[in-house]
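Read through the structures below before going on.
Each of the next two complexes has chain A plus one more chain, namely chain B in the first and chain C in the second.
Here is the complex of A and B:
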């Protein structure tokens, strides 16, 4: 049953993505100032939203782990961080492609970009830290602490365009500008694509959680074998 | 009581450090080495470039040599299971952490006080033009590094590749602090006043110190005791 729900969710995400691609590529017109390349925003911004959501959930889940000490919260945190990190990298790469076309350079060290990169490094460090600890409860505990620390960097990345004068474009969505910056058709497209990415990342997270569960079973079996032999 | 405990831990760490000088000597030598290496990175004849890079050079020096001090902080307690003894004592985990952070803070300041005049002498720069503010920035920066570094020193003490994991984890975490400290240090060493836009960096330093000190005090018991 669980698997079927997962397949259904994945299928829904994939279909929505296909439908979105059709609208993005064939129905929406070019943007007046940027031309065709603006379409990358439909993946760039939703990717960042998805990864921020993932890191936020991972942070909450880490706090819950420290409070309740249930392994499932740790599993949830590592799964969401891994999926979030993938979307961080997608966000960085789509941003770089856009920058190459619009700014003429792949990268610039302004506050938003720098902090996005730092966030990526910190969460990569989180996964490295997990790899360096053998004992499961110590790993979960240390990783949870790091995950809470790491979230500060997500907040800074998100707010960087307000706190510093950055080369990165300012807020365009109406939730932050109170409207007027973006055509409603384009804006709703952006949210729809976020929904598609969220569906897909939910499936990925669930799959990754299954893997962690199996991993824990294998570790338990191995310990049993060691104990009995 | 809490602060007396922390102070006792800090004094213990400092005393054992000043007797053996195992990490301080290494940190001083390493700081000097980095300063020498930087002479190949920058054009040492151009004092304008030197001034504009001074903050960066200095904080990289503090950060790299500081990692040596932070690595030793909890590793020092490993032989003879000293850490277990400390945890079994009436000390609270956060008092232990605060004590160690204080000791690291003092040692980081020592590294700064060593590296700064050396930097000035080696690169022929006048760095004393606004000493008061410079001291404030150095103190705030050192405290930030000590807070995050001590926390992660506790976290990485039992790991394989400890010496590698600590910098990998703390450097990205410290970047907000470093950006502010580097910018302000460059301004102050060049003898300019801190103006309008740059006060945000100052607020950033203070905010970073407050946020991470409270986060660490909250979470350190979890790391140390489970």
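Here is the complex of A and C:
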């Protein structure tokens, strides 16, 4: 039953993504100032929204782990962080490709980009920390604490374009500007692509959670083998 | 400019698919490694139990 739901979610995400690609590439017009390259925004912004959502969920799950001590919350946190990190990398790469055309450079150390990079490093550090601790309970506890503190970096990254003057464009979406600087057709496509990426990330998270369960089994069996030898 | 604009747009879209594909391949290889480890350990434990019994 669980597998069927996963297949259905994955199929829905893939079909929605294909439909969105058709609209993005063949129906929406070029942006007047940027030309065709602006279409990258339909993956760049939703990727960041997807990873921020994942990191938020991981933070909540980590708090729940520290309160309730149930391993399932730790499993959920590691799965959402790993999948979130994939979308962070997509966000960084797509942003750099857009910047190469619009700014003429791949990268600049402005507040938004720098904090985005720091966020990426912190969550990569979270995964490395997990790999460095053998004992499962200690690993889960230290990782949960780091995951909760790491979310401050997400908030700073999100708010950086309001707090500092950056080379990165300021807010354009109507939820942040309360008026909207973006064409409604383009903005709705952005949210639809976010939905598609969220569906795909849900499937990837479920697969990763399953693997974490198997990893715990392997660790348990390894202890049994050592104890019996 | 227009040609470069299109080329880089496709680089961007290709990067999205490439990163996702690499991650899926990582998941697949981890899945097979874990199931191999699990089977190996289960076999090892059952052999030890039969030897003891």
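Quick note on the criterion: the second predicted complex is superposed on the first by the 227 of 229 C-alpha atoms of A that agree within 3 Å, B and C clash if a C-alpha of one lies under 4 Å from a C-alpha of the other, contacts with A are read in each partner's own complex, and residues count from 1 in each chain.
Keep this in mind: a residue touches a chain if its C-beta (ideal position, glycine included) is under 8 Å from a C-beta of that chain, and two chains touch if they have at least 3 such contacts.
Since this is a predicted model, take the numbers as computed values, not measurements.
After overlaying the two complexes on the shared chain, residue contacts for A:224 are found with chain C alone; chain B is out of touch. Look at A:148: by the touch rule set out above, it reaches chain B but stays clear of chain C. Touch criterion met: A:98 reaches chain C, while chain B stays clear of it.
In the overlay built on the shared chain, the residue A:1 is in contact with neither chain B nor chain C. Contacts of A:121 after superposition on the shared chain: chain B is touched, whereas chain C is not. Contacts of A:33 after superposition on the shared chain: neither chain B nor chain C is touched. Contact comparison for chain A: of chain B and chain C, C touches the greater number of residues.
When the two complexes are overlaid on their common chain A, residue A:138 makes contact with chain B while staying clear of chain C.
The interface of chain A with chain B does not overlap its interface with chain C at any residue. Those residues of chain B that touch chain A in the complex are listed here as 148, 151, 155-156, 158-161, 165, 168-169, 172-173, 175-176, 200, 211-212, 215, 219, 222-223, 226.
Per the touch definition, chain A reaches chain C in the complex via residues 21, 34-37, 39-40, 43-44, 47, 83, 86, 89-90, 93-94, 97-98, 100-101, 200, 204, 207-208, 211, 214-215, 217-218, 221-222, 224-225, 228-229. By the touch criterion stated above, chain A contacts chain B in their complex at residues 66, 114-115, 118, 121-122, 125, 128-129, 132-133, 137-138, 141-142, 144-146, 148-150, 152-153, 156, 163-164. Taken in their complex, chain C has these residues touching chain A: 1-2, 4-6, 8-9, 11-13, 15-16, 19-20, 23-24, 27, 30-31, 34-35, 37-38, 41-42, 44-45, 48.
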